[in-house]
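Order of writing sets the chain letters: A, B, C and D. Residues in each chain are counted from 1.
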Amino acid sequence: MATLHEYLFVSGLLFAIGLAGVIVRRNIIVVFMCLEMMLSAANLTLVAFSRFHTDPATGLPDYNGQMMVFFVITVAAAEVAVGLAIIVALYRARQTINVEDLTTMRG
Amino acid sequence: MLALLILLPLAAAIAILCGASARRTAVLATGASLILGFLFAALWSNNHDVGAMSLEVLSKPSISLSLGLFDGMSVTMMLLSVIVAFAAIFSGKCPEGREKLWYPSCLLITAGAIGAFLSTDLFFFYAFHELALIPTFLMIGILGTGDRKQAAWKITIYLAFGSIILLAGLLWMFSASGADNFQFTSLLAAEIPYDAQIGIAALLIIGFGTLVSLFPFHSWAAPAYASAPAPVSMLHAGVLKKFGLFGLLRLYPLVADGINYLIPWLIVMLLGNILWVGLVTINQKRLDTMLGNSSVMHMGYIFLAFAALAEKGPIANPIAIPAAVVLMFAHGISIAMLFGLSDRIKQATGTLELRELGGLAKAAPRLAFLFGLAAMASIGLPGLANFSGEIMVFLSGFKNWVPEEGLSPVQWGTILALWGLVISAVYMLRAFRKIFQGPVVPTTENADDLNCCDRMPAVILAVALLVVGLYPNSLLNFLTPSEPTNAPITQSDN
Amino acid sequence: MHSLAFYLFSAIAVAGAVCLVTFRSPVTSAMSMVVSFLGLAALFVGLNAFFVGVIQVLVYAGAIMVLFIFIIMLLDLNSEERSKTCPALLVASLLIPALFMCQLLGVLQSTENESPKALPLTTAAAHFELDGKETKISQSLKGGDLPDVHLLGEKLFTRYNFPLQVVGVLLLVATIGVVSLSKKGSDRTAKPADQ
Amino acid sequence: MNEAWFLLIFPLASAVLIQLRFKRTPNIAAAISVTSVLLTLLLSIIFSHTVVEPATFNWASIGDFNLQIGLQMDGLSKGMMLVVTGVGALVHIFSLAYMKDDESKARYFCGLSIFMFSMTGIVLANNFVMMFIFWELVGFSSYLLIGHWYQKDSAAEAAKKAFLVNRIGDFGFLIGILMLWTLAGSLVFDDMTLPAQGPLLTAAVLLVFCGALGKSAQFPLHVWLPDAMEGPTPVSALIHAATMVAAGVYMLFRLQFSFGHEGWQLFANNAGEIIAWVGVITSLLAALMATQQDDIKKVLAYSTLSQLGYMIMAIGLAGHSGDHGGHNMAGESGMFHLYTHAWFKALLFLGSGAIIYACHHEQNIWKMGGLAKRMKATTLTFAIGTLALMAVPYLVSGFYSKEEILLSTLTAEGEPTPFFLIAAFVAFLTPFYMTRLFVVTFFGKARSHGAEEAKEVNNLMLLPLLILSILAIASAFRFGGIDVPALFQAIDPRAGGHHPDSRAVGLVMGTSFAALLGGVGLAFFLYKGRDTDPLANNALFKIFRNKFYLDELYLKLVRVFQDCVAAIIHFFDEFIINGLLVGGLSRSAAGLGNLFRRMQSGNLQVYSLLFGGGILLVIYLTVFFTR
């Protein structure tokens, strides 16, 4: 059986890969996908803890952690919907989704 | 109940942003708070428990939104706030099309000021004041006149600097006191070790002092007031600035020994306000910068009362706190009236340069009368509120004089501060002379006098000045802890 | 779950993630992400979180991916051009995750590792009996099954009822927001932001 | 309620009513004001011979600390009230005629009412704070009335100057009050205990005297009074001759009086000496300046200064004079001179007002002349006033009071002191300049169109003149059962039963008689039949004419102070505090802001990089650092 640390290591690895993608990729849609990857990696941590730190009363997995995952997924879905809509609107206005060209935030 | 005083202006601000008729809503809201304020004051003098409320916002450390009339000082400042707020909003002339910035900003300043004075929780006491500062910056930066950008920057940097130092002092004080919540009652019950007191007192004096334009942290005030729109000057100089003094007086018991140690420094700083800034004021060529500087100068007297208080404590010197509060009230009203009327002068003649004006009393006798009244109040003419405060401040300076020991720093401070009476008379009379007296000049030839509507806010302020001036007990009744005895003595035994 | 299955699915997930970051074409990236998510879902199942595993597949690998691909197609995107990435950025993008991993390893080093305990299904059944009567949960627990969905549902509709409703409102707001954002020809979208 | 309050209420009510309601109806305003002053006069007469309970009212109270408005109803205040309301009433009546056509008559009468209110307050004050309150108010009403014709630059400047100079005096006054509060143990006059002699007491008395220095226009703060003649002439009569300027003397005497028999000890130190010297120097300088003034009101103003100097000197000499059977000769003679002087100086000013009115607002005496033929009644009353000021022996009131002052300048053995010599010289100058004034104004031929057309003023103006000339003669009269000063409750040193030895009386009588004859004779000889001043080109007299160049000196001092010191301070404020302290702060803030602005490249990748770095930092700080 895999141990807690193994799960956490995999989760951290996925998160790190996602972060690298966010930093290095210029296509905003891919950046977005990397963000989703990071969220899912965090979910893995939550589920792992839910399984390993069981509810002391019943001995079953601690479902509070999985509730968190549930809400994360829901919010992520909403985020994707709105984010993609924004990307479409942005593309219509600027004809690009390359983040290097999107520098309106310059101070 | 008391929350109404804060909610009314806030609600009015939101309503205006949502499209309600701006001026009418704002005037109605402040008018209602004016009436409510007096109602609460009357209720308070009957029964000290008026509509206090507390709402816990954070449990550890315990922060609650607590409102209440903590003592007579809060009542007085609340009255000052509602009076000046009404006058400021009523008298302000909003530039066309800017109603949605102008009125909500003024209302926010009002709400913040009242909130700060009503808070009985240190955290919100600080937070409300910061809330009120933001619209002040906006109004100066966007709707100001003259060199408005620079003035706005200056006041922002200064006040942010003061606020940060103040915050450091407050946090230090909180942790040194060992209290587990920010309520004034539990804070004031605590004791702070002497070593920490000096540091805290220094931070508080610099922090609060910057907000009150204590010398040498004063140079933001005059340009900011000069370029701010009139209602903002009225609200800030009249009400919001008193926050620093209010805070010092409120927190004084915690750091009594520390402030006592710092008295010589405090005296030097307040004399800087009175004499140094006083001489700067004499040198001003424009009415608005002159008024701004004069408001800085008069803060020195209130600090003098504070120094007198710190010398021997409130039991040995019971006059000091009431003196400071009465003077705060009086100065707030008179400077608001002066700023309001100087705005009128500008509208009537188009200039505030003293050498371009003259003989305005001929065309605008009512304006001259009201401005003269306010100017005389600011000089300290008996019968007007400022005198009542000033004479008590000076008496408090000599309350604990022990002739055998010679003159202490506070007494020296009082004596030198008295010269300020001459200085303020010099610049005020000079300004009055230049603007209203002498032969009529082209700018004032066809100036309009105040109409009925314009006069109302000034008259309200004038009545407040007269009531407190003719009968200071009307205000002192709030400020004396016990019933005054009727024994015909003018002083208690030394 | 056997260690072998764990390593297999972890490898799939990590490999998918690496492909997502490295492939230049957005469509390929999207596809590798699906693979990665499927691996993750399997890991969830291995942790006895069946319901989460299922919605991971349904929502992420299904709905969201479709949305991504749809948008990619809609905008008709090409691959990123090569070698425009500034090398410093590239180095940083490796360095920061690496440092992050180092930190993670440091934390793992200093904490105690745990092996999964077997779930005491039959003994736990007693906790879910209502007044001595059997419930659906206790029944299936006695039967040796983990009624994952039931247990989650019970939590969701009792303790997390209010957050659930808030999330519902959030989704509604998101829906409205998306509609108003994608309304064509409205002033907001037609006006270039700073050109 | 104590009926004595009406003394304050009537004038206050009149002022408020006029300001709020009758601004546009000057005739009603005038009527209200005159009615109020007549009512207070009536009340003062009634009170002067009845016992009135003292009344108090808590004005500001904090715990057991009370500041009161309290009325002191003793002989001193009752007598002073009669003078104030008496002169006040006559001046009001005179003003009815004098200000008939003024366009802001209502404002004028409002100002007069405020003045009556404040002056009453000073007189009746039972404590120092109340006295200070009304002291300031009197200064304010004087400011209003001097600046009545505010559109004239000179009037506006004079009003400002008066207020400011008074403020300078009040600066010291208030410090003195604060010091006496602790030293004497109370602010209420009756509760004070005599402090021990010492430098602190000397300082306190001198500081209190500063108040009198300003209000009674003593050297070196005398400069405002001559300028104050820019105000309407009745105002000069009321405020700047008879009542307000005497307030300083009254205040000092009130202080002395409140300590009873021991009061003189207050001045039995260097303070008394200095006060006496200030008084006598003022008296001398003012008399010298009066000899060369051409403006009729200015001559009278300087003569007022000179007489006030006499009074102040007498008060200061109280310490030398000591206690004689419950009386202090010097202090009482000063107060007595205040009382007699009030009547005849008011008479002189109102008389000059009548002349100015008749000559169409011509004030230069060299443009008058020959008025004796055209204005017989005015000339007669003016002559009586002049005689009183010259102190013609036995005939007029001024003689008796001046005699007492001169007596008190002698030592106990009847030897002359330096004060006596100077005072005697002033007693020579006084008849000199008054004769000059009288001869030039009333004799000879008319020297201007206005003077040619002058005709007798109407009865409304003449009535006050007549009443005042009666009082100018009789106010010191005590003979055969008639005791006019007692009727007025005036402090009269002759009532003490102290009889200086005949050698001293002889010395004083001889000297003053010689001085009078010399002064009158010399002036007649010099000015009879002249059209210009024969002394005008004399270098010494030029100095007198130019008021010893004191105004110029002050102006220069003020200018140097204002231009240099204020400019230096302004420089420091702008460049050191604002530029370095704040400028440094704001520049560093701006620099930091610039740095942060650079980081806002707008590039999402850089942001995410920073974000990642931030996460690492946070993890480091929370997980590794704290351990």
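In the analysis below, a contact is a pair of C-beta atoms (placed from the backbone, for glycine too) under 8 Å apart; a residue touches a chain by one contact, two chains touch by 3 or more.
Just so it is clear, the structure is predicted and the values come from calculations on it, not from any experiment.
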Higher-contact pair (C-beta pairs counted), A-C versus C-D: A-C
Mean-CA-position distance for subunit C and subunit B (Å): 58
Centroid distance [mean C-alpha coordinates] between subunit C and subunit A, Å: 7
Gap in Å, rounded to a whole number, between the CA centres of subunit D and subunit C: 93
Where subunit A and subunit B are represented by their mean Cα positions, the distance between them in whole Å: 53
Residues within subunit A bordering two or more other chains: 19, 23-24, 26, 100, 104
Residues of subunit C whose C-beta touches two or more other chains: 89, 92-93, 96-97, 100
Pairwise chain contacts, counting only pairs that touch as defined: A-C, A-D, B-D, C-D
Touching residues (chain side subunit D, partner subunit A) in the complex: 596-605, 607-609, 612
Touching residues (chain side subunit C, partner subunit A) in the complex: 1-3, 6-7, 10, 13-14, 17-18, 20-21, 26, 29-30, 33, 36-37, 40, 43-44, 46-49, 51-52, 55-56, 59-60, 63-64, 67-68, 71-72, 74-75, 77, 80, 84-85, 89-90, 92-94, 96-98, 100-101, 104-105, 108, 111, 113-117, 119-121, 123-124, 127-128, 146, 151-152, 155-156, 159-160, 163, 167, 170-171, 174-175, 177-178, 181-182, 188-194
Contact footprint of subunit B on subunit D as seen in their complex: 56, 58-68, 70, 127, 129, 132-134, 136-137, 140, 147, 150-153, 156-157, 160, 163-164, 167-168, 170-171, 174-175, 178-179, 181-183, 185-188, 191, 200, 562, 565-567, 569-570, 573, 577-578, 581-582, 585-586, 589
Of subunit D, residues touching subunit C in the complex: 605-606, 609, 612-613, 615-616, 619-620, 623-624
Interfacial residue positions of subunit C with respect to subunit D in the complex: 89, 92-93, 96-97, 99-100, 103, 106-107
